[in-house]
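Attaching a single structure in structure tokens format; questions to follow.
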Amino acid sequence: MSSSFGTLFRVTTFGESHGPAVGVVVDGMPPGIAVAAADVQRELDRRRPGQSTLTTQRQEADRVEILSGLFEGVTLGTPIAMLVRNTDARAEEYEALRDVFRPGHADYAYQQKYGVRDHRGGGRSSGRETAGRVGAGALARLALATAGVSIVGGTVQVGAVKAVRRDWDEVEKNPVRCPDAGAAVEMAGVIEAAREAKDSVGGVVEVVARGVPAGWGDPTMAKLDALLGAAMLSIPATKGVEIGEGFALAARHGSETNDVLEGGRYRTNFAGGIAGGISNGADVVVRVAVRPASSIGRPQVAATKAGGTTTIAIAGRHDPCICPRVVPVAEAMMAVTLVDAWLRQRALRGREK
Amino acid sequence: MSSSFGTLFRVTTFGESHGPAVGVVVDGMPPGIAVAAADVQRELDRRRPGQSTLTTQRQEADRVEILSGLFEGVTLGTPIAMLVRNTDARAEEYEALRDVFRPGHADYAYQQKYGVRDHRGGGRSSGRETAGRVGAGALARLALATAGVSIVGGTVQVGAVKAVRRDWDEVEKNPVRCPDAGAAVEMAGVIEAAREAKDSVGGVVEVVARGVPAGWGDPTMAKLDALLGAAMLSIPATKGVEIGEGFALAARHGSETNDVLEGGRYRTNFAGGIAGGISNGADVVVRVAVRPASSIGRPQVAATKAGGTTTIAIAGRHDPCICPRVVPVAEAMMAVTLVDAWLRQRALRGREK
Amino acid sequence: MSSSFGTLFRVTTFGESHGPAVGVVVDGMPPGIAVAAADVQRELDRRRPGQSTLTTQRQEADRVEILSGLFEGVTLGTPIAMLVRNTDARAEEYEALRDVFRPGHADYAYQQKYGVRDHRGGGRSSGRETAGRVGAGALARLALATAGVSIVGGTVQVGAVKAVRRDWDEVEKNPVRCPDAGAAVEMAGVIEAAREAKDSVGGVVEVVARGVPAGWGDPTMAKLDALLGAAMLSIPATKGVEIGEGFALAARHGSETNDVLEGGRYRTNFAGGIAGGISNGADVVVRVAVRPASSIGRPQVAATKAGGTTTIAIAGRHDPCICPRVVPVAEAMMAVTLVDAWLRQRALRGREK
Amino acid sequence: MSSSFGTLFRVTTFGESHGPAVGVVVDGMPPGIAVAAADVQRELDRRRPGQSTLTTQRQEADRVEILSGLFEGVTLGTPIAMLVRNTDARAEEYEALRDVFRPGHADYAYQQKYGVRDHRGGGRSSGRETAGRVGAGALARLALATAGVSIVGGTVQVGAVKAVRRDWDEVEKNPVRCPDAGAAVEMAGVIEAAREAKDSVGGVVEVVARGVPAGWGDPTMAKLDALLGAAMLSIPATKGVEIGEGFALAARHGSETNDVLEGGRYRTNFAGGIAGGISNGADVVVRVAVRPASSIGRPQVAATKAGGTTTIAIAGRHDPCICPRVVPVAEAMMAVTLVDAWLRQRALRGREK
């Protein structure tokens, strides 16, 4: 059950990096919503490898095939299964890593957990698994649009460079997917430098949901903060998440950071649109810490299955900074989380809220 | 279903701040484990109000009553229900707030969600709900102990003051619950200053699990990072969570931060003991951002249910900094999360791992 | 997690027969519904022991205490915890059975499962656990009433005697809870005969939901038939369930049993109000096979924990036929199942259906 | 979420009868188990249409494609996605039924539930959905085999003809899949007669699990009876389920039907191998009532979407009795249910039980 997310809008991904395919089943998509394969493909294209020199050069067209759940272009309310074939799998390149646990990767943990693993490109732990998430997110966005909710996102930090502006229209105009055109240039430089050094660099991705009405999410265990936190930390290579002002609130006082409601709107948004686990009508703002990609070209010491160590240099096709490709994934996970919260609120109150 | 957490070790809390009682049902506790009420009471005592001048002066003995699931001092494997009566509920003090939405609180969000709310002390959104979590955590700790896992935690930041040392034996020796005796003094000063200013201050809590073997947690959607993230962000007043080095990884390179395994142990622990969502045998390290408590004595503008605004000053019994009391809650939620992961790994492999 | 039922309306029971208390937490009750303790007590009184000579003489007042989830007489949408103390527990009577596995009972299975068990009166496997279900059912009925749905039920077979009529107003007028006054007299005779013979006798209980609109329930795995089947077979001592004509359909032809819709209503109801797992607007009709109670006064051979056998005669307080007391439990479980289906349909369509 | 079954071994099916494909994702398959496509194909071949004149003549090869979760012939512990293409879909044949609600079918209920439906061959409500279940069941059987558990099943009633013998080796030797060779001939006659009369006939299917140790299943809400009941009643066209002697117990006394344990084995098996919801070491025995197939060639009155009625005769490819094809599906659902119970027991006790 580890591969499912959500209660009423339930997303289940499958697939290994170098197996036949990756994909997703989305169960709980509301009926009667127009969906075209192009709607899904557009989001997959934002995630797929090879978009620029800043990302991996693995060549995957990532063409989606929709297997179920649609009839005459409209959702049936039944499960929507979607499939992307792996076409540029090069298993032989990984043969040397069959009995090696790469530093920073999940190789050792998988081996200890399962007693068996697919060593080719990370297998299930590969970022390729996120194709299914993005497919699901495309559906979630279409559902949310009927509720007036839209989601934007971008890379707001790479290395030490931070975006100052949040010009969301800028995001798709630069390869870093940064909402600050000036910072984007600097960030691209940092990424190129990492790539040239056969290294990788981390960053931060921010996603924002606009138009979420007050009342989505639940108190206590299923707080919207908690569900969004789980959604984000389920994305490969993420190691932190914050809502609204997040960790910066640690150094602040209540008199400064208590959001005040006035005339049905909040004057400030320190809480990131969520109070007591429930949306309060302000923008929902989430930031995700993305670690440097573990695959780097530099020689590294690595443990072997036999118990010793060896030196490896991971050749080839990896991302020097995965933030640009995490952006559509984080947006997708936010969309998936919010649809679920929306449907739960509809269950609670029996009408559109 | 919003009040439950976990799959195989399932914790369900109930209760409002000023209702008859708060409590918890724990379903999935392994059978045959010795449990005494004192084991639970000890943890509840760490969470209860009125422990020092740094915390709220509400007087609650928080005496636990165990209603089920034990027989002759041993767990039966059946649900364990536990109850704490609310004895110092002063509903009348809140009458003035019946139609007011307090700044920073969840009042407005609850009203919009449910159309009805218990305005007395936050009702369900009160920190009192966490008594049930701590009770569940006490059981989880006993279960984990049989697997060789222990959990420590403490306040590592208050305002701008950060702990440098991690001397866990120090934690219960100072009222801040800080693992750095020197920093604890400074932190106490910051908290006292906030209290005198009728204000509140935020902070950061860190929890660490020791002895977790490699192999707990699941890939993709139920990553241990994700479950711990949800666990922490379900605690009232938390707005951020990070695993291992967390947000600091954004500014680093892969060549610096790839944890290297050698001789079955990791040399470093940037990943906080979790790789690909699965424990890797290193300490599991989680930090939680705690916002300043929303209840402050200073006059604040507040919205009214009628649509206008008023000025309020919240008299009396609130925490100037809730970090010291979040510590046992965060430990409890980590314990609860890890027991669940442990049981799932037992299901997967059919033997103790 | 074995003690929970439902997804959006989630019922979690707790308690052993001779422990301090039995009870329930209901999470997902819609907000804004008026609930009085008397509403719950009335249903509990229908289930409690000692109502007539046809049932066990254990003396339990079964007074409910509501611990949370209500405010000024109205549901908050938060968990409702309810408690019934065990007052007539006579643990000493069971001492002789500490190391004996009673025939027909779950003693051996519990021992093998858990390695430990509460031997006093069946512990968790006792019918006393159903008090929590009935409490939850009382809430579910109140919720369903707002949707125009009501539930009736009765004993329709005892031994070889079958009810012919379905006069639901008759049910509470006879101690068998049979909707056929004539058959009720015969049934009472069969039960009395069993009691005098220190034996027990089985029967069938029928429950019917009226006013369920078309569209509740889900296709495939969560068919309304399946959920009702699980609900009924989770009741102690049940060994069969059928929807509509059930097993009688095995001997029929499609041309006879295909329900025909005409003018928005079904002419017949062979399918028991559910088609393809979804309610079709006709009455939902479910029957449950109830086995003879396992506790009987006659001497029986019983296995011992040591591996041998002994002879036991279970003295005292047991039901010669549990059907009259299963009726409110089966009604409760149907109510619980239908509320969940209703809420899920509200989630799907976003308005009252 | 309606398309998923199970907690630790989670089966999610997808697909419409006349869409591109049907399939399944199995999440929770234990790692390290050898699986060949042929293992799955063999079970699918038992379910697929066109096996004899007693079943539908729709031509579907039902070739399985395994998309994930295997590596070098062994399960990885990750989700296993499987796909069967629909190749003999003849959507045009259903055009006349676009706005008609067929008697006995789920057409009307789907329309009321979703507001939209795929009218072609029942869409999601078609028996074709069960291909995914059978694929999952094939995996479940391989897992259970490692625990020493095997499953058999057969048609034990068609119309008024009941099997007397339970010679499970006989099942695959006759097209009815009856474990009684003599009864099989009679049953085949009944089915042929129904087919010639353009009608359909019901029956009963029995499935038995052998080798289940005591201790699987849970008390109260997740009783093994309840889970098996849900599993069976989730199969299309089923309207009843009984465990062990089931409904026959209603007419019996406790002194006759209390199973007595002696020397670690039960002398009798009235309870069908389950006591208090937990397996007791005896064979687990379940029977399922199968209604006559709703599709029949005879003219029938049918409601139209516009609110009137029409007369329809369903031409062509349908099953006069679906019991022979329900057998592998019921076996699959039992296997799926038992694997889940097994894994949960491993979680509880931490070792093979």
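We call the chains A, B, C and D, going by the order they appear; numbering starts again at 1 in every chain.
One rule holds in what follows: a residue touches a chain if its C-beta (ideal position, glycine included) is under 8 Å from a C-beta of that chain, and two chains touch if they have at least 3 such contacts.
The structure presented is a predicted model; accordingly, all values stated were derived computationally and were not measured.
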- Item | Neighbouring chains common to chain C and chain D, by label | A, B
- Item | Of A-D and A-B, whichever chain pair has more C-beta contact pairs | A-B
- Please work out the Cα centroid separation of chain A and chain D, and write it as a whole number of Å. 38
- Task: Quick one: report the Å distance separating chain B from chain D, using the average Cα coordinate of each chain.
- Result: 45
- With chain centres defined as C-alpha means, what is the inter-centre distance between chain A and chain B in Å? 26
- chain B residues touching 2+ other chains are 1-4, 7-8, 13, 31, 77-78, 113-115, 124, 219, 348-349
- Note: in the complex, chain C contacts chain A through residues 7-8, 30-31, 77-78, 219, 343-344, 346-352
- Task: Would you tell me which residues of chain B are touching chain C in their complex?
- Result: 1-4, 6-8, 10, 12-16, 19-23, 25, 27-28, 31-32, 65-71, 74-81, 83, 113-118, 123-124
- Note on the structure: Counting only contacts in the complex, chain B reaches chain A at residues 1-5, 7, 11, 13, 101, 103-106, 108-110, 112-115, 122, 124-125, 129, 157-160, 194, 197, 199-204, 213-223, 225-234, 236, 238-247, 249-264, 270-272, 274-281, 289-296, 298, 300-303, 307, 309, 345, 348-349, 353
